[in-house]
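In what follows, a structure is listed as C-alpha cells, so that the remarks can point back to it.
We call the chains A, B and C, going by the order they appear; numbering starts again at 1 in every chain.
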C-alpha cells in the first residue's frame, strides 16, 4: 500500500503548493451555484493509492468535490489537476482554455464513480451493466468483458445474479453491482458518493464489506463521502472534515475521530453518533 | 423569380375570406366538441349505455374525418348547407377526443370528493356542477386547447364537401390565374400565422395550470 | 351484406393502398421524429433551432395543405412531378413526424439525470450514451403516444383520395357513385379503417409490453394474448 506520506496532519486548509507526487490536486477551487458558494478556494491533494474520506454536515461541499472530479460539474474558479494534467481546463499553447468533451473523455478514463442511488441501467441485465462500457468504451472483446464481469460479480458475491434485471435486486445488491460496474472500467481513482445512504440499515454491512475487500486487494485511490465512521476509520489513510465549503480539519482517522481539535468537528461527530450511524 | 407579389396582394382579400370561413368552422365545431365531449364523458359513468357510447366514439375516433364528412354530406338532404355539415361532423369527430380528455380529468378528481358530495346529500347536478367538473376541467384546459389547434388544421378537409374555406379558396383563385405556387404557399403561411401563436398560448396555459 | 361481399375485393384493394401509405408514412415520420427529436435535445443553440423550426412549421400546417403543395405547387415551382402516393406519404410523414419529434424530445428529457451521470462515470461518448442507455429507456415512454400518432397518420392518409389516388376512401366514393348505396358504400370503408386501427392498436400494445419487460417492469396481469385486449393504462387524450 502506498504511503499516506507526511501530509496527514498539518492545517490542510491553508494554501500549499501542489507537489508533483500528487495524483489529484485541487488548487484554489471555487464552485458556486448561483449565489451559493459550495466550495470556497479549496486546496488539497491526494497521493496515488491514498484512501481519503470526506466527512462533514450536508451542504458542506463534499459531494461536489466528487462531482467535479467526475466532470459532472464544472469549476467556477481555480484548477483541478489529475495526474499532472489540468482537468477543468485544457492547455492550449501556454494558456488554459475550457476543456472540450473529447479532452474530458480522455481525462475521465482513469476515474470511476459509485452513486448514492446506484444508477444501474434498468434496460440492461446485470451482465450488460457490467460489460457494455468495457466493450464499447474500452474496446474490450466480448469474452474478455464477460470474464471480467464474472470475476467482479464473484468479488461482490453476486455471481448467481448475472442474468437478473436490476429491478429484481435489493438495494444492497444493486449497489454491489454498481461497485462492480465501476471496477470493470479498471479505474485508478474510485469516487464513492454516500454509497450506503440510500440503503436499508441491514444491507449496509454487505456493501461496506465489499468496499473493504476492494481497499485491501487493490491500490486504487479512493475518495469516499460517507457517514459510516467505522468504515472511514478502517479504510482511510486520511479524513477531511468539511464545513461551509472549506476544510475545517484534516488528519489521520485516529486523530480526527479520537482527538478532534476543532469544535465544528466535535459537534459534527456528536451529531452523527447520536443519529445512530 | 416566378413569384408574383402583385397577384398575391390582389387575391389576399379572397384568401382572408377563406380564412374567415376556416376560423368560423373551427370555433363552432369546437363549441360542439366541448359540449358533446363533456356529455359523453359523463355518460360513460352510466352502465351499459356508457359502454355503448364509448364504442361508438371509439369507432368515430379511429376512422378518418374525411370519410365521415363525405359520408354525412351524401346522406343529408340538400337543404342543409355544406358548411353546417362540416361544422357538425368536425364537432362530433373531435368530441370523441375531448371526451377522453374530460374523462381523464374526471378520473383525476379524488374519490373523497365524490364521497364528500354524497355525505352532504348533494343532488347529482350539484355534485357534477359544483364539485367534480370545476376541478376536472381546470386540469384539462391545456389538453382541450390542443384540440382547438388540431381542429383548425383539419378544417381544410371541408373542401371535400364543397365548403370554400381557405384551401378551397386558394385552389379556386390559384387555378383561375394559374398561380398555384403562390396560392398554396400563402395558405401554408396563413396556417402558421394562426397555429404558431396558438401553440404559444397553449404552452402558457400549460405552465399556468400545471402549477396547480 | 351481399352488396359488400360482392365488392369486397375492391375494398380490400383500396385498404391495401391505405395500409401501404400508412406504412410508408410511419417509416418516414419515425425517422424524422427521431432525427429532429434527438436534435432538439442537443445543447447547441443551432441544432435546437433547426429542430424547433421543423416541428413548428410542419405541425402548424395541415397535412392536406402540405400534400396539395407537394402535388400541385411543387411541380410548377421545380418542374418535378411527384407521384400522388409519394406526395401523400411525404405530407403525412412530415406532419406526424413533427408531432413525433416533440414526443421523442420529451421522452429523452424525461430519462433521469442520474442515468446520464452514470454514463459519464463510465466515460461513454454522446452516441454511446444515446444508443445504449437513453434511447432504450425513452422508448417505453414514447410508445403509447407513438401509437396514437400512428392511428392519426393512418386516418390522415385518406386525403390522398383528393389527389386521385385509389385508396380505401376513393373506393367508397366510387361505390357510392356507381350504386347509389351511400350507407353501405361508406360503412364498408369505415369498418375497414376501424379494423386496420384495431390491428395497429394491438401491435402497439405488443411493443409496449416488450419494452416494459426489457426495463424489468413485468406486467402484473399475467400477460398472454387476452391481456393485450385490455389497455395497459387508461390512455389519456389522443395523439394530437
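Throughout what follows, a contact is a pair of C-beta atoms (placed from the backbone, for glycine too) under 8 Å apart; a residue touches a chain by one contact, two chains touch by 3 or more.
Predicted model only: the values in this text are computed from it and were never measured.
*Asks:* Across all chain pairs, which one has the most C-beta contacts?
*Replies:* B-C
*Asks:* Quick one: point me to the chain whose Cα centre is farthest from that of chain B.
*Replies:* A
*Asks:* Of all the chains shown, whose C-alpha centre falls nearest the centre of every protein C-alpha atom combined?
*Replies:* Taking the mean of all protein C-alpha atoms as reference, the closest chain is C.
*Asks:* Cα centroid separation between chain A and chain C, in whole Å?
*Replies:* 46
*Asks:* Counting in whole Å, what is the centre-to-centre distance of chain A and chain B, each centre being its mean C-alpha position?
*Replies:* 56
*Asks:* CA centre of chain B versus CA centre of chain C: separation in Å?
*Replies:* 20
*Asks:* Hey, which residues of chain C end up touching chain B in the complex?
*Replies:* 56-57, 59-66, 68-69, 72-73, 76-77, 151, 155-159, 161-162, 169, 172-173, 176, 182-183, 186, 189-190, 193-194, 197-198, 201, 234-238, 240
*Asks:* In their complex, what parts of chain A are in touch with chain C?
*Replies:* Result: residues 70-72, 101, 105, 108-109, 111-113, 115, 117, 119-124, 132-133, 136-137, 165-168, 181-182, 185 of chain A touch chain C.
*Asks:* What residues on chain C touch chain A, complex-wise?
*Replies:* Touching chain A from chain C are residues 114-115, 117-118, 120-126, 128, 132-133, 136-137, 214-217.
*Asks:* Can you list the residues on chain B that touch chain C in the complex?
*Replies:* 2, 59, 61-68, 70-71, 74-75, 97, 100-101, 103-104, 107, 143, 146-147, 150, 153-157, 159-160, 167, 171, 180-181, 183-185, 187-188, 191-192, 195-196, 199
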